[in-house]
Amino acid sequence: MGKIVTFGEIMLRLKSPGHERFFQSPVLEATFGGGEANVAVGLSRLGMQAVFFTAVPDNPIGDHCIEHVRMHGVDTSSILRTGNRLGTYYLEAGANQRPSVVVYDRADSSVSNLRVGDVDWNKVFETADWFHITGITPAISASAAEVSIEAVKKAKEIGLKVSCDLNFRGKLWKYGKSAPEVMSEMIKYVDVAIANEEDCQKSLGVELDVEIEKASLGIDKYKTLTEKVLSMYPNLEMIAVTMRESHSADHNTWSAVLNDRKSFVVSQKYEITDIVDRVGGGDSFAASLIYGLNHYGNEDALRFAVAGSCLKHSIPGDLPLFSLKEIEGLLKSGGSGRVQR
Amino acid sequence: MGKIVTFGEIMLRLKSPGHERFFQSPVLEATFGGGEANVAVGLSRLGMQAVFFTAVPDNPIGDHCIEHVRMHGVDTSSILRTGNRLGTYYLEAGANQRPSVVVYDRADSSVSNLRVGDVDWNKVFETADWFHITGITPAISASAAEVSIEAVKKAKEIGLKVSCDLNFRGKLWKYGKSAPEVMSEMIKYVDVAIANEEDCQKSLGVELDVEIEKASLGIDKYKTLTEKVLSMYPNLEMIAVTMRESHSADHNTWSAVLNDRKSFVVSQKYEITDIVDRVGGGDSFAASLIYGLNHYGNEDALRFAVAGSCLKHSIPGDLPLFSLKEIEGLLKSGGSGRVQR
Amino acid sequence: MGKIVTFGEIMLRLKSPGHERFFQSPVLEATFGGGEANVAVGLSRLGMQAVFFTAVPDNPIGDHCIEHVRMHGVDTSSILRTGNRLGTYYLEAGANQRPSVVVYDRADSSVSNLRVGDVDWNKVFETADWFHITGITPAISASAAEVSIEAVKKAKEIGLKVSCDLNFRGKLWKYGKSAPEVMSEMIKYVDVAIANEEDCQKSLGVELDVEIEKASLGIDKYKTLTEKVLSMYPNLEMIAVTMRESHSADHNTWSAVLNDRKSFVVSQKYEITDIVDRVGGGDSFAASLIYGLNHYGNEDALRFAVAGSCLKHSIPGDLPLFSLKEIEGLLKSGGSGRVQR
Amino acid sequence: MGKIVTFGEIMLRLKSPGHERFFQSPVLEATFGGGEANVAVGLSRLGMQAVFFTAVPDNPIGDHCIEHVRMHGVDTSSILRTGNRLGTYYLEAGANQRPSVVVYDRADSSVSNLRVGDVDWNKVFETADWFHITGITPAISASAAEVSIEAVKKAKEIGLKVSCDLNFRGKLWKYGKSAPEVMSEMIKYVDVAIANEEDCQKSLGVELDVEIEKASLGIDKYKTLTEKVLSMYPNLEMIAVTMRESHSADHNTWSAVLNDRKSFVVSQKYEITDIVDRVGGGDSFAASLIYGLNHYGNEDALRFAVAGSCLKHSIPGDLPLFSLKEIEGLLKSGGSGRVQR
Amino acid sequence: MGKIVTFGEIMLRLKSPGHERFFQSPVLEATFGGGEANVAVGLSRLGMQAVFFTAVPDNPIGDHCIEHVRMHGVDTSSILRTGNRLGTYYLEAGANQRPSVVVYDRADSSVSNLRVGDVDWNKVFETADWFHITGITPAISASAAEVSIEAVKKAKEIGLKVSCDLNFRGKLWKYGKSAPEVMSEMIKYVDVAIANEEDCQKSLGVELDVEIEKASLGIDKYKTLTEKVLSMYPNLEMIAVTMRESHSADHNTWSAVLNDRKSFVVSQKYEITDIVDRVGGGDSFAASLIYGLNHYGNEDALRFAVAGSCLKHSIPGDLPLFSLKEIEGLLKSGGSGRVQR
Amino acid sequence: MGKIVTFGEIMLRLKSPGHERFFQSPVLEATFGGGEANVAVGLSRLGMQAVFFTAVPDNPIGDHCIEHVRMHGVDTSSILRTGNRLGTYYLEAGANQRPSVVVYDRADSSVSNLRVGDVDWNKVFETADWFHITGITPAISASAAEVSIEAVKKAKEIGLKVSCDLNFRGKLWKYGKSAPEVMSEMIKYVDVAIANEEDCQKSLGVELDVEIEKASLGIDKYKTLTEKVLSMYPNLEMIAVTMRESHSADHNTWSAVLNDRKSFVVSQKYEITDIVDRVGGGDSFAASLIYGLNHYGNEDALRFAVAGSCLKHSIPGDLPLFSLKEIEGLLKSGGSGRVQR
C-alpha cells in the first residue's frame, strides 16, 4: 500500500464549551481541523502513510497547528510556512431543534493566498500513489481554486489516483465564480468522487427534481443521482454518497451508497441518537473509504467507511480519533456499546 | 412598539457542573436569573425595549448581577440598591429518572424586604406601555406580595397592559398566606395570564377533576381549564397555558394553548429529546409570547412563543439567549438541527 | 439493623473528561471507586452502618482515597496501610455505537499482595452481621483469591450473612486459575448471590444454550438460569440477576429478577435513554438490594434495588450518590424527572 | 490526650477562580470553611480527636457541608440540623496592591438563629477536655452571642480548658452590641487567648498608643499589649498574638509571641513571598497551637504553631490541609522548598 | 462632567491558560479588549459617561463583543456593523525571564477596512466633550490612519478636547508609512498626549541619546523628553509619560511623570512583584488620567492615574475592572493588600 | 550535525491543579515526561534530530504517550510496545516554605521489566552519533540497570559520544544495589557527565566535606568536586554541574559550572523569583548543553544550557517547550521579560 497525500486548508477551530452559546463562558476550546487534514489524520491512524500538505503562517499558531497533525503520525514535512494568518472557524454545538452554528473567519489565510507556481508538486507527491482533495479549497479564493486545479492535473499527470470530496460550502464561494463553474473543471481529473446529495446538486449543478433540504431521499433517487453524475463525468471511476437524516441536532441516521458503474451498493444504516460532534463526519467517511478501497472490495470498503464515520459522531473535535480495531469491532458487534472489562 | 417593564427577584444561580451532584467538584457554575429578569432579557434580545426593575444589595454581588442583565441591552437604571443580600438558588441538573433539584436560599433577600411605598412606580413605568410580573414575587414574603399588588394596580391605573405568569412555587409561600388568597386578588389587574396546568390549579385554586402530576392531559381538559379561568376573571383578555409532557429529565414534549375568548388555539408540539437546561423554559415562553402579541396575531404569537421556548431548552442557564432569526428559523425549518456552513 | 462489612480493592479512577478520548485534554478526572467500596458507600448513604475493609499504600494517594470513602460516613478505621501502590483504572466514556473503554492498571497493588494471615478478620468483623464480597477480588491475584476465601469462611464461621456479587472481569483472571475454579469454591460460603447473565456463565461455568453477548434474553431463560445456580449451590438462599439490554452506550434498559427458592420475582423495567455513567450500576444494585433485604420483603427489596441502581445511571462517578428519599421518590413517581420547586 | 470540641459557624465559601474579580468567569470555587471548623479539621489532621459542633440547615447544602468536614476525620455526629440557610461568604483573592475582598452573606443563617437552650452541651462536651471558640460567633447575632457565653460557662463548669481566638470582624457586630461589651464578658471563661494586635484592641477595647493598621509593631509594644490583657483578665493562663506584616497581598511576614505570665516568648519569623491563600491562616495557628500546648512546652508549641500556620499560606481554601510530618519538616529544614524525590 | 468618546479597534483576545504555552491545553481564554475600548470601560466604571465607537462584523462574534463592552455601562449604540472579521490577538503570559508573547491576527479586520466618509462623526460625537484615540488605529492600515486623522480633525473642529495615547506597536505599521510620518500629523490635533519613553521616540521620532530598551531612565531624561515633545507640538496642553522598570515578566515598577508646561510632576512609584496581567496597563493609566483631569488638579490626576493603573496589573484580562473606591483606597493605604472583613 | 538517541522511562505525570494539594479537586493534570524523553523533546525543538527509545505497554495509554513525544518531532519509531504498565508519578506543586511532593508509582513498569537482550541496540543506534542516558533508569530495577549498562557499552563500542545525567533519586534504588555500586560502573562508558552536587555525592559516592542539603556551596568547592570526579573517571571528557540555591519553592537561583579538564567555567546566574514548574529543569539543562556542545565552544555551550534551563522554570510540565530563538533572546536581553508587540 502506498502513500497518500491530502491538500487543503487546516484551521484553528474555536468552539464554545459543551452546549454553551458563544462567550457564555470566557473560554473557547481550541483545536485544529479541516477536511483534508482530517482525512490525513484518519488514514494515518488506520495505519497508512499519509502526507498532509498545506500552507500555514510562520508564527507560533502555525507551529502548534503542525504539531497537532504530526502527533497522529502524519508526514508534515512538506508544509509551506507562508502568509499572514491561519484560517479560523468558530463553532457552537447545537442541541435538539437548535442547529450548530459555524462562523468562518478565513479571510486572508495562508492557503487563500497561495498562487499557481508556489508549490513544488513533484516534491509534495514524491513516492505517493493517491491524492485527496475537496471542494472546500477551490471555494476559498480564486487563486486557491487555480492551485487546486493545478494540483489535480499534476497528480493525474504523474499517475496518482485522485479522490475528491465535493463538500459544498455555501458560506464560501464569495470571490466571483460559482461552485459548478470551478468544480465541473476540477472533477475531470478525479477518479473517486465523494459527496452528499447537496454537494452533488450545489457543487456540480446536477439537477434532481427533489427538495434537497429535506431529511431523507428515497434510495432510488440516490441511484439516479449517482448515475447522472457518472454519466456527466466519464473519467469518474466511482462515486460514494453519504446519507444523513437529521431528526435533530442530536439525532441523525447515517448510511451511504456507492456506484462504481458495475453495481450500486447500499450500506448498513446507523441510528445515532446522542451525537457528540458531527463536524468531520464526512471527512472520516472519506478517510475510511480510501482505507477501505485500498484494503477491501468496494462493497466492504463502503461498509467500513460508514462504520468509521458513524464512530466519528461520538468523538469530540474535527479529527477521526478512532482505530482500525474499533471500526472492525463496530462492524462485528453492531454497536451495542457494552463496556469491555 | 413600546417599552416593557418587568419586576421581580433576580437571583444568583449556583449550579453543579454538568450532571454532577452538588459538590462532587468544588465548583459551582454561577450565573444570574429569575423569571422576570429572564423575560426582560428575552424581550431585549428580540429587539424590544425592556426595563428590568428589582432591588439588589449595594455590594459587588449586586453590581455584577446588574452587569449581567445590562449586557443584553436591558435598561437597569431604575434598579434599587438596598437590602442585605441577593436571593440565591442552587441547582442540580437531573438526568433520566433523576429529577433536577432546586434548593432556594432566598430568605432575607433585598426583594423580600421591599415594602409598599419604597418604589416610585411612576418613574419605573415612565414611557412604558406593558408591565410583566409573575406569581413568584408575591410568594416570597408578605411585603413582597403587597408590593406586587401595588405594582399591578398602579400599572392598570396609568394604562399599561399587564401580563402575569402565574408560576406556582410550592417551596415558597411560607409566610402565612396561601397562593390563591393572594393571586386571586392580583389577577384582577391582569390582562394576559400565562400558566401551566399546575399553576392554574395551585395558584388560582381552579378545581379540575384531573390528576395534575400526570405527564399529559387531554386537550379538551385544557379547553375547559382556560374557559374556567376566563369566566372567573372577566378582566382577563386571554390566557395561554403551556403543556409539558415529562417523559424523563432529558425528554419532554412542549406545546401550548391560548384562549382569547374568541378562539381556542392549539400550538405545534415539539419533541425535545436531549434537554440541555429546562429552567427558564416558561420564562422564555412568556417573553416570546409578549413579543408575538406585539408583532403578530394571537395564533402566530402562540406559535412563536412555543418555538422560542422550545429553543430555550437547548441553552444552558436561565436566560433565553436566542435571537429573532433563530426563532423564525425554527418556525420555518421545523427543527432538523442541520449545520449551516 | 446491624453493621455490614465489605472487602475488596478500591482504585483510583482516571477518566477523560466528558466524551473525550484519552488525553484529548491534558486532564483526567480523578476519583476513587471499586465494587466493594461502592457498596459500602451506598449502604452508608442509605442509613446503615457500613465498614469498608481494604489495603492501601501508606502514601498521600492512599490517605486521600480513605478520606473520600470516609466522607460518606463509612467506617474506614480497619483499613490496612501496606503495599506499593493503589490499583488504578482508566476510563473513557463511550457514546452511541462507541463502547466505553476500561484500561486496568492494577498490577502489584496493595490488595493484590495481601496474603492469608495478614488480616485480623475477628477485628474487621467485630459487631458486624453481614459481609459482602465480589468476584473481582479473587480475580486479581492468587493470594487475593486465597484471602477472599479465607474471608468468606471466617464470616460464615462467626455467623455473618454473606453476599457476593459474582462480577466476572475478563481482563483480570491472569494468574493461572480460571474464574469457575475459584468462584465455585467461594460461593459455597455465600447466602445471597448477585450476578448478571454473563457472570453466571463465566464466573460459575453455568452452561446455558443462549448467546450471552446478545442484548436480551427471555425471562424464562433467566428463570432457568437462576434455578440452575440454586440447584448447584444448595447453600445459596437466593440469587438476584440484573438484566441490561444495551441499545447503545447511552441507552440501556435495566431490570432484574430474584429467585429465593420460594418464588421467582421479576422487577419493573426502566428505559434509561441518556446514561450519565453506568460504571458502578451493578454495585448500586447490590447496595440497594442489601438495604432492601434488611428492611423489606424480598420482592420489595428487588424493586428497591432496581430503582436505586436505575438512579445510579444518572450520577457521574463510581459511587452511588443517592439518598433513601430519592429511591423512594422514584418508586412512587415512576421517574418522569419533573423539577420540584 | 483528650478530645477537643470546637463550636461556631461553618460557611459555604464561594471564591472567584485564581486572581479573577467576581464573575469574570461564570464560576465560583465552592468549598466550606469557618474559623472553628478549620481548627477542628487541623486538629484531626494532626492526629487528635476533634469534634465540630454547629447548626446547619436540613437540606443538601447542609448535608454536603458535613461530609466535607467528616472526610478529615472530625466527629460531626452532634451537629444540629436546623434553620433556614448555611451562612455564605464570597471571596476574591487580592494580588499585589489589590486587597482580597470578602463579602459576607450570613444573614438568617442556622447559627445566627440558635438560641440559649437549643443545645445539649452535656452531650456535645461528652468525654472532651478542651473547648475552642472564637470571637466570630458572638458577632453574628444577639442570640448567637448568648449561646456562645452559655457554651464557655458550661465548658468551664464541667472542667474543660477553654481557648478563644478573639478574631475581630468589623463587617459583623451589627446587632446592637459592640465587640468589647460581649467579648469582655466571654473572655472571663477563657484560659488560652489567641489574637492579633487588632483583635486585642477592637475586641477587648485594650488601648495602645500605636496605629494598628500599620504593617508592623515593635516587639516591645507586643509585650506591653499581652501584659495589659493578662492583667485585665486574671483568669487567662496565657495569650498568644500573631504578627503579620503585610507588604502586599502576596507578600507577608508571619510570626507570633506568647505570654504565659512566666515568660514572654518570640517565635521565629517566616518571609512568605508568594501567598497562595491567607484565609484561615489564623485558624491554622490556633489549631497548631492547641496541638502544641497538648504535646510540647509552651515555647515549642508557639514555634510549632507559627510553622503550621506559615504552611497554611501555601494551601488553597480555608482548611489547614497539612500533616504533622510537614510541620515538623518545616521546623527542621527552615523552608527551602526543595523537591524530595 | 461631560461625555467621552473613544474610537479604535476592539479585538478578540485569545490567551492560553495560566502560564501555559499556546495549545498546551486545547483551550484559549476568550475575552475582548483593545486600547480604546479599555479606556471607555475604565471611564464608565469610574462613573463617567463613555461612548465606544468602532466597527465590528455583523456576526455572532461581533454581537458578543458589543455585549461585553455594554455590560460595563459603556454606550455602544453608535458602533458600525460592517466588514469581514473582528481583529484577534493571541497572548501567552510570560513568567520570570520568559516574556509574554503577543501574536496579532488583525489582517482584514472591520476597522482596518474603514474608509474616510464611512463614519458620521457628528452623530458619534453628539453631546460629547472629550475624544480619546491612540496610536494603534493609524498603525493598522492606510485607510484606518486616514479615518483616525479625520476623527481628530472633526473633534477639534467641533470643540472637543482630544487625548491620544501614542502606543507604538512595532508589529503593526506594515502598510508603507512609518509611525512618525502619520503620528506627527495626527498629534497636531491633540491636547493631551500620553506615552511611554518608547512611544515618544518610535511614534514621534523624538531623538534622545539614551538606550530605550533599558529598564530605567533617569527622571531628568524624562523631563528633557517631555519638554522636547511639548516644544515640537505647541498645540499640546500636556504630556504624561509612564515609566515601567521591567525586572522580570512578574516584577515591574510603575510610575509616571506629567509636564503641563507649567510644572513637571513625578508620581509615586509602585513595586509590583507578582503581576497578574500587564496587558491593558497603559490603557488603565489613560482612563484614570482622563478621569483625574476631569475631577482633580493635574498633580492629583497623575497620582490617581498611576494608582489606577497599578491596580490593573492585579486584574486578569485587558479591561480595567476596578472601581473609584478601590483606587481611592490604594491612594490612602499605600497598598499593603490587607484583607478587609 | 548527527542524530541523538536518548533512552529511559517516560511516565504519565499526574499533577494536582495549580497549588492544590492532591484531590482538593477531583482532577489531575495528565501529561507525560521523564528525564530522557524530556531531553529528546528539547533537542528536537532546538532543531536537532532526536530519537527517543523506551518501552511502553501496548494499550491506549502507551499509544497516547508516544503521540505526545512524536508531536515535538522526536523519532519514536523504535519504541518497544511491551510490559504491563506505564510508570506514573504524582506531583503536587509546592509554594513558599511547602516543598513539592513527588509520589512515584513505577513498580512493574514496562521499562523496569526490560531485560538484557530485549533491545536491538544496533537498530536503535542506527545513524546516530550521540547517546544520552541518566542515572534514573539504573535506579528502577536490577534488570533496568543491566540494560542501561548494556546500552552505554554498546554505544561506546560503535563509536557514539555518551552523555549521562547522574540524576540521583533517593526514592528509587530499592532493588538491593546502591547507586554508587551501579553508577561507578556505568560512568566508565560516559564522555560527558551532568550532575548537581547531590548527584555527585550520592550517585558516585564522591565525598566532600560540605553539607549537601544547604542552599549554596562556594564556587571553589564546586571546582574541587568536579576535579575529584574527573580524576576518578579518566574516561570523562568533561563534567557540568548545575547549582540551584533554593530560597523557597517559588524562588531559586540557577547557574552551572563546567570542567573540561582544560578550564573550569562558571556560568551567568539567574534569579528566578516566580517559578512556574521546576520539574524537568535539569533535563532542559542537559538538552541545551548537548545542543550547545554540538554548536558552540564549551563556555558558550554552558551559557546556552543555563539560559535554556532558566527558561524551563517558567513553563508548566516536564517538557522543555522552548525554541532556539527564545534561548538566544534571553542570552541577549538578560531576561527583563518585556512584552514584544
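Each chain carries a letter (A, B, C, D, E and F) given by its place in the written order, and its residues are counted from 1.
Here is the rule we use: a contact is a pair of C-beta atoms (placed from the backbone, for glycine too) under 8 Å apart; a residue touches a chain by one contact, two chains touch by 3 or more.
Keep in mind the model is a prediction, meaning the values are calculated, not measured.
Which chains, if any, touch chain C and chain E both?
Common neighbours, chain C/chain E: A, B, D, F.
Using CA atoms for the superposition, what rotation angle relates chain A to chain D, in steps of 5 degrees?
180
Is the C-beta contact count larger for D-F or for B-D?
Of the two interfaces, D-F and B-D, more C-beta pairs touch across D-F.
Among the chains, which is located farthest from chain E on the basis of C-alpha centroids?
Greatest centre separation from chain E goes to chain C.
Using Cα averages as centroids, what's the distance between chain B and chain E in whole Å?
That pair's centroid distance is 42 Å.
If you average the Cα atoms of chain B and of chain F to get two centres, how far apart are those centres in Å?
62
Residues of chain B that touch two or more other chains: which are they?
Touching at least two other chains: 18, 24, 26-27, 67-68, 101, 273-274.
Where on chain B is chain C touching in the complex?
Chain B residues touching chain C: 18-21, 24, 94-102, 104, 169-171, 213, 215, 246-251, 273-274, 278-279.
Tell me, which parts of chain A touch chain D in their complex?
My answer: residues 24-27.
Can you check the complex and tell me which residues of chain F touch chain E?
It is residues 18, 270, 272-276, 310-311, 313-317, 321, 326, 329-330, 333, 335-341 of chain F that touch chain E.
Using the touch definition up top, name the residues of chain C that touch chain F in the complex.
Counting only chain C, the residues touching chain F are 14, 22-23, 26-31, 59-61, 64, 67-68, 84-86, 88, 90, 92, 101, 103, 105, 107-108.
Within the complex, which stretch of chain F touches chain A?
Checking each residue of chain F against chain A gives 67-68, 70-73.
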